[in-house]
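Paired with subunit B in one complex and with subunit C in the other, subunit A is shared by the two complexes that follow.
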Partner chain A sequence: MTLLTGPSRGVRQGAPRRVSSALRPWLYLSPLLLALGVWIYGPALFTLGLSVLDWNLTTPPTGFVGADNFARLFRSADFWQALGQTLLYAVALLPFSTVVPLLLAIMLWQRPGRASTVYRSLLFLPVMMAPVAVAVSWKFMLNPLLGLANEVVGWFGIPPVNWLGDPSTALLVIVAVTAAKVTAFNMLLYSAALSGLDRRTIEAARLEGASSWEITRFVVAPQLVGTTVLLGTLSLVLAGQWVFTNVTVLTQGGPDGVTDNIYYRIYTLGFEFFETGTASAAAVIVLLVFAVAGIGWRLVRRSHVPR
Partner chain B sequence: MNRFTRPLVATLAVSSLLAVSACAAAEPAGRDDNAETTITFSSYSYGTQGAAGDGMQTLLDAFSAAHPEITVLPEAVPVADALTKTKAAVAAGSPPDVQQLGYSKMAEAFATLPVQSIEEIAGDEWDAHVEGIAPGLVRTGENDGTVKALPFTVSIPTVFYNADIFREAGLDPENPPTSIDEVSEAAEAITATGHNGVYFGLLDQGKSDYLTQSVMDSAGGQTVDDDGTVALDSAKAVAGIQKIQDLTTEGLQPAVGIDDAIAAFSTGDLGMFVSTTALMSNLQAGATDKFELRTAGFPSFDSKDARPTHSGAGLVVLAADEAKQKAAWEFVKFMTSEEGYTMITEEMGYLPLRANLATDEAFLAGYFAENTLLLPPLEQLQNVTPYRSFAGAKSNQATVMLQDDAISPIILRGADTQQTLTEVADRIRELVESE
Partner chain C sequence: MSRANHPMRRFGPVLWHTTLTLVAVAMVFPVLWALLTSFKPANDIYSVTPFSAEPTLDNYVRVLADWPVLTLLGNTFVMAAGVAVGQILIAVLGAYALVHFSQRARGPILVLVTISLAIPPQALIIPQFLMTARLGWLNTDAGLIVPQLGTCALAVLLLVQHVEAMPRSLTNAARLDGARPFEVLWHIVLPALRPAISAVAILVFITTWNEYLWPLLVAPKPEDTTVQIGLTQFQTAEGNDFGGLLAAATLTSIPIVVVYLFASRRITDAFLQSGIK
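Then we have the complex of A and B:
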């Protein structure tokens, strides 16, 4: 054995092996890096480039316009309204992403059995249904002259409401219709988190004489903080995208822009008016807002970590 | 790769190459010298439920029978997306060869899409073909001194009314209102019976402003004046829109979207519905066995003659290939022929665009003898004002801005008419001038 693996033979085989071991991680990573480059970072850079051009997508770009697209957006009341509405959606949907599904999941978890399974299935139903079909159904139900919703409120002596045409109710309707789906989906995620709880801590608390409420408040809830932070963050970041289908089908951003949001505005600019440069500039601004928020969040967290 | 798999892979690779080569070689051999031409046709009428969809299929079938050498592949597109879908298709390098395009989208299409001159494609056949087509409508399709769109499915606004509700309200269905003030009085009588009075469908499903233009023009104003200047905030234009807002604020017009109004009219809960004759067939179907549907001409405003603006669509050709252009011309020629326009009226309920058809026994005289609902709008066809677009590549965006940011809040939510129209007019001027 020793003779066969002598020094000269070892040198010849060692070099390629070192190269191979250095390349191997990159080879493993390459499919993912390629996909990220092609589908995420490449288009992001392309968008950045488009944001300084005046281009309607169908004729050649008319030229470099510098920061004109950004300036036009900053001057546009519609753009600021859309940004503000995006924030409003994030805040309005936050409890439906966290508190409500958490309570539902705990209630069902505390009462296991066939009824619980049936309720869970019924609550999860909105997630299974086609989003556009659901939105169209709501449109029929909310018809101000013939819809079921006004029939029902009429039983209580309330006059007909123009649910989607009145600025004071349209946003609430979009939030409510979207919340049904978000709550259902997040309830399932909370249920999954609950099934993974450390049962020994619950049994120990029970042996110590803790009440059901105390177990929920001091044993179960703390173990769901990670899930809650995740779902809350996702809600803040994605709320504007979640309402997109309902806004498209039910209100198209109206009335008076109260149901608009930045994602629908970008879509409108890009694919209805074909103002590709302005739409790209809006997308870049959204990216920057999230980047600043992310960096700010990290700095805040770092300042609170004990050294 | 071991000694068994290597030859296997090699064999597969060679077989694949041979198969591909065989296919490539077989295709030309299989072609006929008189090969048929295939063209694509993007249409917002095709594939829809009701008379428009059925009528379009009838037209396509008739063309197919008359021209077996040309295959037309129809593509359905929602009316509001007709322009945007084509823009996306152009960006992707595969525009339709022929498109049914609404007049409110036409100016932007001319500025941003590779729309061909139908006049040039038609060549020597042009003059003979367009003779007899309403000249104003042919001129509406002009751009850069040549005609790029021929009128196809054209309609004008009319007053649909429920004769049963008229009788219930003590109104005479034989004498429908002819002015906006009479419309208001009739609506007042109707609302007293518990029904909704009237609905002016200015908030069009396709985001067209043809009815906004009809109201402004009839009141003596314009959205765009003769030299192309934005004029929608002039005193007369504002006065026209104010009349429509008054109907809402006085409780005579429900503050709802047009889809809701159509549903209310079809269920017999709305007395008068002012909208395009394109809805005729669907409203007729909805009224069958429920109530007596009648029509009246578009009302006048302040003693001036009514000046309805037409809506609807023209046919444009986007095909760049010469053979496809020739096939596209045959298609457009058939669709806008006497036979084509006759079918469009009979099957789809649009107005006949050749003056002789309505009285010609060989074409539509018999149809109009039995179908009187189209007669009032047909009489007003002579007074039709051509559709006017805002200038340039952002004309559609300007139209949407007018409809969404001015007309909608004014009519539905009581926004100040003068202030709102002035603000939106300024924004449209900035938008149009920013090009």
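Then we have the complex of A and C:
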């Protein structure tokens, strides 16, 4: 047993221990395991259970109904529309969770120094800004009669737009408002990945006479595949969740359900219509999609990321 | 590497500054415009000029009189501080144990933590709400704080990276001197972790301050809720008083923006030095 260089568990003598060494890790880990078990993994199983019961929040559960909740969900046109819109959000937000933050992160990384540190802090600000305050401000600027947005498009001769009331613009507005936050957060994650790059290989490539495009393409890009696959997968699954606050404050899923999505639907089913069973069935479907995406991500990662 | 021969330099400095400034301004524009508008008198509120000829504090006076801002700020502070302290306790103990004495459990537990980071909260809110209601915690600080300790994944992952990065010789030396594991944590690990802990604590504090969904469910009472929910209730009640609404929005978000601007370097560094890839 090497005392000086080995992992710390190699050290066993010293002061008498009050806690046996087999138990100690679990003592330190118990708050973490308790928090995750009680408030994350327990509820996930609980959701599975609720999805096969007939229950609304106001009365006690009346019994086991098997797949009835799923059947009711699949029969409702609203559910399919919400699912379709969830997919639209995912596609619309994908560039803002990958390409745009990657470009910003590369720009910041190219000129290290005080200026780039200041820009990085400013660009991360949307993650920190209170989402309701931002949404309220947008609502004010998008006022169909007098708002700043219509004033500005008016300069170009465009007639006033009912941004949040018109099905053709409402979804775009929600995407645009959410895009700032997604871009900001992923810019920082890409910056973290870039700061971990091996600068020596880049320097070596430069000395070999590689152009900066070649360096980006053949040295930097391959090392960012893992980050990109992860952020892309997360965006596909979670885009509908990221827009949640903006949908609640700005459109409540309307007009005509175009800004609805599966996450907002779980909330309205459960807490506005008190259909606990149907809402839980929708939640189970989300968890299933999530599990499939997780497995898919592992497979892509294993085949594309060099170890 | 000197800045002059950076191999990746492609943008001229003017283009570089212009692009980044434009993007930064576009990103903070809504809050900036809310701030500017909150000082405009009612008859001038929709004007396109950023500064009013007759700036006024009327909007703030009205909001402070009609809306329990201070109570809500207090509630939100208690929730955010409670969650930050709780998550840091969980994360420090967990990160120390995972790095220093549970090599075998480490992989599986980190997988559980990582998965929990990405599970969408909406998939869990119904059972979480029922459990909170059964505990009698609706409209209480406990109901606002305790369930949100489950979302400690980011704090744990960031602190694991920082504990991992500490030189082992420090902790091993203390152990050889006979220090108990808790003494090693308290006297060696904690002081070295202080910058990382404060960055993560501020990050958790701000994200909890901004949390919308959970307080909406468990603390809907106007006097027990947080500023985010209070702001939506204010909007429903006084929908056309945009002057008051934007003053309220400014009051609820400016404290956080100021805290962030002071701590921003620490927060971004907590990510940049974490070795996340």
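For this structure, a couple of remarks:
Just so we're on the same page, the second predicted complex is superposed on the first by the 245 of 307 C-alpha atoms of A that agree within 3 Å, B and C clash if a C-alpha of one lies under 4 Å from a C-alpha of the other, contacts with A are read in each partner's own complex, and residues count from 1 in each chain.
Note that in this section contacts are C-beta pairs under 8 Å (C-beta built on N, C-alpha and C of every residue); 3 or more make two chains touch, one makes a residue touch a chain.
No experiment lies behind these values; they were computed from the predicted model shown.
Residue by residue along subunit A, subunit B and subunit C are tallied for touches, and C comes out ahead. Within the superposed three-chain model, A:43 lies in touch with subunit C and out of touch with subunit B [touch as defined at top]. Of the two partner chains placed by superposition, only subunit C is touched by A:244; subunit B is not. Using the contact criterion defined above for the overlaid structures, shared-chain residue A:162 touches subunit B, although it does not reach subunit C. In the superposed model, A:143 lies in contact with both subunit B and subunit C. In the superposed model, A:201 makes contact with neither subunit B nor subunit C.
Of the two partner chains, subunit B is the only one that A:273 touches; subunit C does not reach it. Subunit A residues 57, 143, 146, 271 lie at the interface with subunit B in one structure and with subunit C in the other.
By the touch criterion given at the top, residues 3-5, 7-9, 11, 14-15, 17-18, 21, 24-26, 28-29, 31-33, 35-36, 38-44, 46-47, 50, 57, 104, 106-113, 115, 117, 119-126, 128-134, 136-141, 143, 146-148, 151-152, 177, 180, 183-184, 188-189, 191-193, 195-196, 199, 202-203, 205-206, 210, 212, 215-216, 220, 226-227, 234, 237-238, 241, 244-245, 248-249, 263-264, 266-267, 270-271, 276, 279-280, 283-284, 286-287, 290, 294 of subunit A touch subunit C in their complex.
Note for the complex: subunit C touches subunit A at residues 1, 3, 6-11, 13, 16-17, 19-20, 23-24, 26-28, 30-31, 33-34, 37, 46, 48, 89-91, 93-94, 96-98, 100-103, 105, 109, 112-113, 115-116, 118-131, 146-152, 156, 168-169, 171-172, 175-176, 178-181, 206, 209-210, 212-213, 216-217, 227-229, 231-232, 235, 242, 245-246, 249-250, 252-253, 256-257, 260-261, 264-265, 267-268, 271-277. Interface of subunit B with subunit A (complex): residues 84, 87-88, 90-91, 112-113, 196, 254-257, 260-261, 263-264, 267, 269, 393-394, 396-397, 400, 404, 408-409, 412-413, 434. Subunit A meets subunit B in the complex at residues 56-59, 72, 143-146, 162, 164-167, 252, 254-256, 271-275.
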